[in-house]
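See structure below.
Order as written gives the chain letters A, B, C and D; numbering starts at 1 within each chain.
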Amino acid sequence: MTPNATVQWFATGRRIFRGRWLATLGLAWLVLVVLAAVFAPLIVPYDPLEIDPVARLTEPGAAHFFGTDHFGRDTFSRSIYGARMAIVIGLGSVVVALLVGGLTGMISAYFTRLGAFLMRVVDVLMAFPALLLALVLMTILERSVMNTVLVIGIVYATTTARILFGMTLKLKNEVFIDAAVCSGAGHASVLFRHILPNLISPLLVQASFIFAFAQLQAAALDFLGLGLPPEVPSWGNMLSESRIYVTRAPWLLLFPGALIILSVFSMNLVGDALRDSIDPRFKNDIKGV
Amino acid sequence: MTQSKPPLLDVRGLSLSIATGGSLMPVVRDLSFSLNASETLGIVGESGCGKSLTSLAIMGLLEGTPVRVTGGEILFEGRDLLTLPARERRRIMGNEMSMIFQEPMTSLNPVYRIGDQIVETIREHQPMSKTAARARAVELLRMVRIPDPQGRIDSYPHQLSGGMRQRVMIAMALAGSPRLLIADEPTTALDVTVQAQILKLIADLQSETGMGIILISHDLGVIAETCDRIAVMYRGRVVESAQTRDLFARMRHPYTRGLLDSIPEPDEDVERLPTIPGRVPGLDERVDGCAFHPRCARASDICREQDPAETAFGGGHAGRCHHPLEPDA
Amino acid sequence: MLGYATRRLLALIPTLLAASLLVFLFVHLIPGDPAAVLLGDTATPEEVEALTREMGLDAPVYLQYLYWLGNVLQGDLGTSIFFGAPVLSVIADGAETSILLAVMTMVWIVILGVPIGVVSATRHGTWVDQLASGGAMLFASVPTFWLGLYLILIFSVSLGWLPSSGYPSISDDGGLANLRYLLLPSFTLAAPNAALIIRLVRASMLDVQREDHVRTARAKGLAPWKVATKHVFRNALIAVAAAFGFTFAALISEAVVTETVFSLPGIGRLVVQSILRRDYPVIQGVILIIVVLYMVINLLVDLAYAWLDPRVSLK
Amino acid sequence: MKLNRPLKTILAAAFAASMASTAYAGGTLRYATVGEPPSLDQHVVTSDLATTIAHHMFEGLYTFDASNAPQPLLAESDRLEDDGKTIVITLRKDVTFHDGTDMTSADVVASLKRWGAHGSRGSLLFSNVESVEATGDHEVTIRLSKPFGPWKNLMAFINGGPAIYPASVVADAGKAPISPENYIGTGPYKFGEWQANRHVELVRFDDYDSPSGAADGYAGERKANFDALRFIPVPDVGTRVSGLQAGDYDYAESIPGDLFADLDANPQVTTIVNGGPLFGLVFMNSKDGPLKENFALRRAIQTAIDKVPALQVAIGPDKLWRANGSFLPKGNVWYTEAGAENFSRGDADTARSLAKEAGYDGEPIKFMVSTNYPFHYDTAIVYTKQLAQAGFNIDLQVYDWATLIKKRAEPDQWDLFFTHHGFVPDPILISVMNDNYPGWWTTPEKAALKAKFTESADPAERQKLWGEIQSLIYQQVPTMKTGDVYTYNIASTKLSGLGEATLIWPHFWNVDK
């Protein structure tokens, strides 16, 4: 990134977050989560998978900041690695939803005949109860990080397709697109070089909400025993495994619970701030929380 | 001149400002005028000159906007509206004084029948049964020359044409038999033929009821046709005011001249229509001296340095200009 | 309007056929064998195979689909493998819980979401608004089961005010008072959805507040509360109505987690259990019914639009 | 006209508030179960949950007393003739079915025949049965091809066992479970209703004639104090615990070990430890894959594992588990330490060299486990760690239970899988003894010992033979026992008459609130 671009980024950021101290705090928290995820191996005092039957259900203290679970695994270390899973799930779901849903929506709006069919398919899928569909898909595909990301991504792909369909339709009729078509630009070029750049900021907003929702969906799937493989240290798995310890070892629910809530809340705040700063034409297309 | 009865409306030194962040930005400065019953005052100016804000201030509709009254008083039959408790003031609004707006398309609530909207106004101010109020609404619709008022009373706004909707707005404004009617660009959104009908209707209603009218428009032509007196506003100030005949006979302010010149004559070639050069400076731009000087051909050094004070030209004709035009014939 | 509704219902047929095919395929892709689950740990492969044959699960999948579809068209969703009872009656057993839970959740959403949204909009920009909007978003960020767990702990175990779990039918001993069993679950389920409604009510009211006709209403001398309810909220309702409809449709399936935490005999938990038991006919039946419900609600939302907004005409 | 249920519900709701209900004045017992049973038909279903409900409703000819010895229930007496090849059972004459008809030998014969033909455990006995005949209104004669020692234990074990149904119900019933409207038994409670997902309700059978004698285990007097027993599925364990604490349930089953200390100390909660332990089993594939016929490699795996840490992690308090190598618990007549020295070696180095000798070269070993039972999963996690330390390449595959039981039927899909086994009164009922059970342990050595074991009617000889079989299990390792788990249930302190421990399944006759 050139220094100039960096300056511009900062300026944009300042404009979006100015006067929004809560959203700024949210952004700061998310940065912290990303740092924890990236440097997890350097931060953690224990291997998150290391079993220690002697130290099981230890209260939070100097040896174990967040205590230990019923395997005697260090909750703090697992929480830090949980940040990794949160990022993987969030980003993964966003990528799947935007790729599958975004492309479907854009193409449907651009090629009207194909679009009529594709959007009909999207309609059918939208009629499916999202969580139940996710449960059935997870049972078919079996539990894995990849499959969880895929399933959550696909569930949000339908709404993303709808939103992108609407926004592309609006843009398609604008003068500059006509101009591009008249000057002989190909379909791909019009879609990706002329329409897409105008959709980047609303897409970013949609992405931030998907990121937040995906955390809750993944936690719900974990709770129902159909999410990430149980050995994966994710916040959802930690909660799900420890739910019986709510009175016996409350730290097992409080710490990962607080981490999920804070992260989802932060992402929602940031998404909200982003939404207020985007093109008013698209503001009402993205519902968010 | 007897002062036994106060004028219908007397605006004295009214100042309005927009609150932005921590600071106040003046938009209307030291505005004064008065209006008697049966009289029509025209306020004319380009958009952004503060004429609409002035009308909102008089109606008490500034609440919810960032605009604040920072000085002056608005006397309605001697009572200062600005110091009146909200409840008292609402008793006057829509009753003793009422207002019609520029956009008849959007000024009516699309989800209610027009009859219900008129009835709502009537019953808000007069204890009346629903049936009686409905009969009164039919009568009002008849007053504003809506054909088949019995049939139309149950229409939704979107089922009516623009002119019809504006008639409904007027009917609604007349519900309380107001003594003051403020009409903010009532015809701007309408076809030329409909425009004339509406203006005629307002004039007819005035002669029937004797109410005072403030007509706000950017169109000097419209104003000239209907008003007894005219106030020309520029950037939050009245720059020239006079009896209509007097103003057109002896135009003193270069801005008024410019406005007049930009009215198209029916036989004139539109392309050669003169316009006032430049644009109205933005509110956040600071202009020293006379606010009009950047666009004024007659501007001199004093115009750039000193804000001109109001000069009386005689016969109720007054203006703010260092270099007023010569009163020609 | 009747003609419109009929046309719309007819247009649903191809969509429903597509949906039914998808449902069937998805369900039959689930690995596992209902016969094996039913017979338990000690069954021999021969016994499992015999039962599979008996249940008709050894036929080619497309034949199974056509057979199932034929029955569905006659209003027969098949027989539950696990319960041995008609799927429709198994679903009907859960329907009472699910519908009452959804209705009570909607009540929470309305009594929490609408007033807070209205206050938030009328006090736009003040601390009240910030507290309400921030609070709504915070509630929407809490995992449902986590919230439910703590509500049980506080209101049932510690305070003993409300039942912790289960739901005896209102036709059972106790009658309508049994609805208290649904108070905590419906609140849990309402929390994130109420947040959505708060934000939607607030946003639509802010949009409407800027409209000219609201100024007209104020110019009439109407009291602020009359303007807010009769003119602003009434018009904002048009945008909110759709959200109400879709929220209701989504609640039936979103309730899965809540029904699990509170051990409610609703349709959501029925599906989860049926997936675990590989009770194909029940899974198919429930999903199909929810799809139909969604589409009917879609239609109702459109009808509601026409009713709320005279500008909309149904064609 | 038939009313559909929702309509009925609404109508009922309209009246419910005003109707004072007296039906439950004597009280309903509310029992929070782990789920719903597939069916209550005891002949074909072996679910423990089904038996917990059904044994209030269905009775067999025999049952167990507190020391797990079979005692007559619907039978009055019996005698063996013809060197144990003929069994003559005399029935009680005062027994009435829930439909009001008297129980006769015709009902017993029909029930035994169906159980023998289709029942899960019936074939064990009936592979030796030549005929079952009514030899009087209240006398049944069973002829065997050769003596069969465990016959009475099998008949007393109601789970997957010979419950007595009316002949009219069983005559045409096949393998498929009989439907709820045909749940007609002789027990102190009769079938009330089954609302899918909501509850199974049994109501008191007022014409019940109790067996005589003091209550002893399941034997002796049975007195129904509750008007109704309501079994409510509460699959989430946390909800079962908080529901009982909140007073929404009177009894809740299968509670995690880690909560034992807290609950035991809670004055509002009674804890009831189950007398018969269950035990985890890791089956090895004898039909396919690297473990097929490679007993040395299997012993290497067995040697690598230390069962204690897994029990600590999976169960918790010492009181609730025993690192016991005998397949039946201490104090039981079948207890033997034969071969048990290899139960829990936990010797990674020896295991490594044993594996090398057995030709193991690091190929992946597929280990299937389900998360539906937390203790399976927790134990498997610990074992996987231990095996990895001994150089085994374990591919842990986590499935839901339904997928696991589908996959384990396919020999090429797995090498190890985890399951558990309930307490059984006779080792012949242990799944590994069944040649068809996944794992398919069918070595000639097993066949020979098993034949001798079933033919013998002499208790001492049978005990000795079982010791030899258990040794063989530790040598050929068709399965690994993971240790005894004493599950426990919790009850409201308002309940009286529960006793200190549960025999196998909790029972609620002679219990009051």
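Criterion: a residue touches a chain if its C-beta (ideal position, glycine included) is under 8 Å from a C-beta of that chain, and two chains touch if they have at least 3 such contacts.
From a predicted model like this one, the values you see are computed outputs, not experimental measurements.
Engineer: Taking the mean of all protein CA atoms as the centre, name the chain whose own CA mean is closest to it.
Structural biologist: Measuring from the global C-alpha mean, the nearest chain centre belongs to C.
Engineer: Taking each chain's centre as the mean of its Cα atoms, which chain lies farthest from chain C?
Structural biologist: Measuring from the centre of chain C, the most distant chain centre belongs to B.
Engineer: Tell me, please, which two chains come out on top when C-beta pairs in contact are counted per chain pair.
Structural biologist: Top of the contact-pair ranking: C-D.
Engineer: Please report how many Å separate the Cα centroid of chain A from that of chain C, as a whole number.
Structural biologist: 23
Engineer: Centroid of chain C to centroid of chain D, CA atoms only: how many Å?
Structural biologist: The computed centroid separation for chain C versus chain D comes out at 38 Å.
Engineer: Calculate how many whole Å lie between the centre of chain B and the centre of chain C, each centre taken as the average of the chain's C-alpha atoms.
Structural biologist: 53
Engineer: How many angstrom lie between the CA centroids of chain B and chain D, rounded to a whole number?
Structural biologist: Chain B and chain D have C-alpha centres separated by 90 Å.
Engineer: Quick check on chain D: which residues sit in contact with 2+ other chains?
Structural biologist: Touching at least two other chains: 236, 238, 372, 400, 403.
Engineer: Mind pulling the residue numbers of chain C that touch at least two other chains?
Structural biologist: Within chain C, residues 31, 149, 153, 260 contact more than one other chain.
Engineer: Tell me, which residues of chain B touch at least two other chains?
Structural biologist: Chain B, residues with two or more chain partners: not present.
Engineer: Mind giving me all the chain pairs that touch?
Structural biologist: Every pair of chains meeting the touch criterion: A-C, A-D, B-C, C-D.
Engineer: Within their complex, state which residues of chain C touch chain B.
Structural biologist: Residues of chain C touching chain B: 209, 211-213, 215-223, 230-231, 234-235, 238, 308-311.
Engineer: For the complex, give me every residue of chain A touching chain D.
Structural biologist: Touch residues, chain A against chain D: 51, 53, 56-57, 70-72, 139, 142-143, 225-226, 229-231, 241, 243-249.
Engineer: Using the touch rule from the top, collect the residues of chain C that touch chain D in their complex.
Structural biologist: 31-33, 36-48, 50-51, 54, 80, 82-85, 89-90, 92-97, 149, 152-153, 156-157, 160, 163-177, 260-263, 265-266, 269-270, 273, 276-278
Engineer: Residue numbers of chain D touching chain A in their complex, please.
Structural biologist: Spelled out, the residues of chain D in touch with chain A are 236-238, 241, 256, 258-259, 262, 309, 312-313, 316, 371-372, 374, 377-378, 381-382, 385, 396, 398-400, 403.
Engineer: In the complex formed with chain C, which residues of chain B make contact?
Structural biologist: Spelled out, the residues of chain B in touch with chain C are 59, 61, 63-64, 90-95, 98-99, 101, 103, 106-111, 120-121, 124-125, 156, 158, 169, 172.
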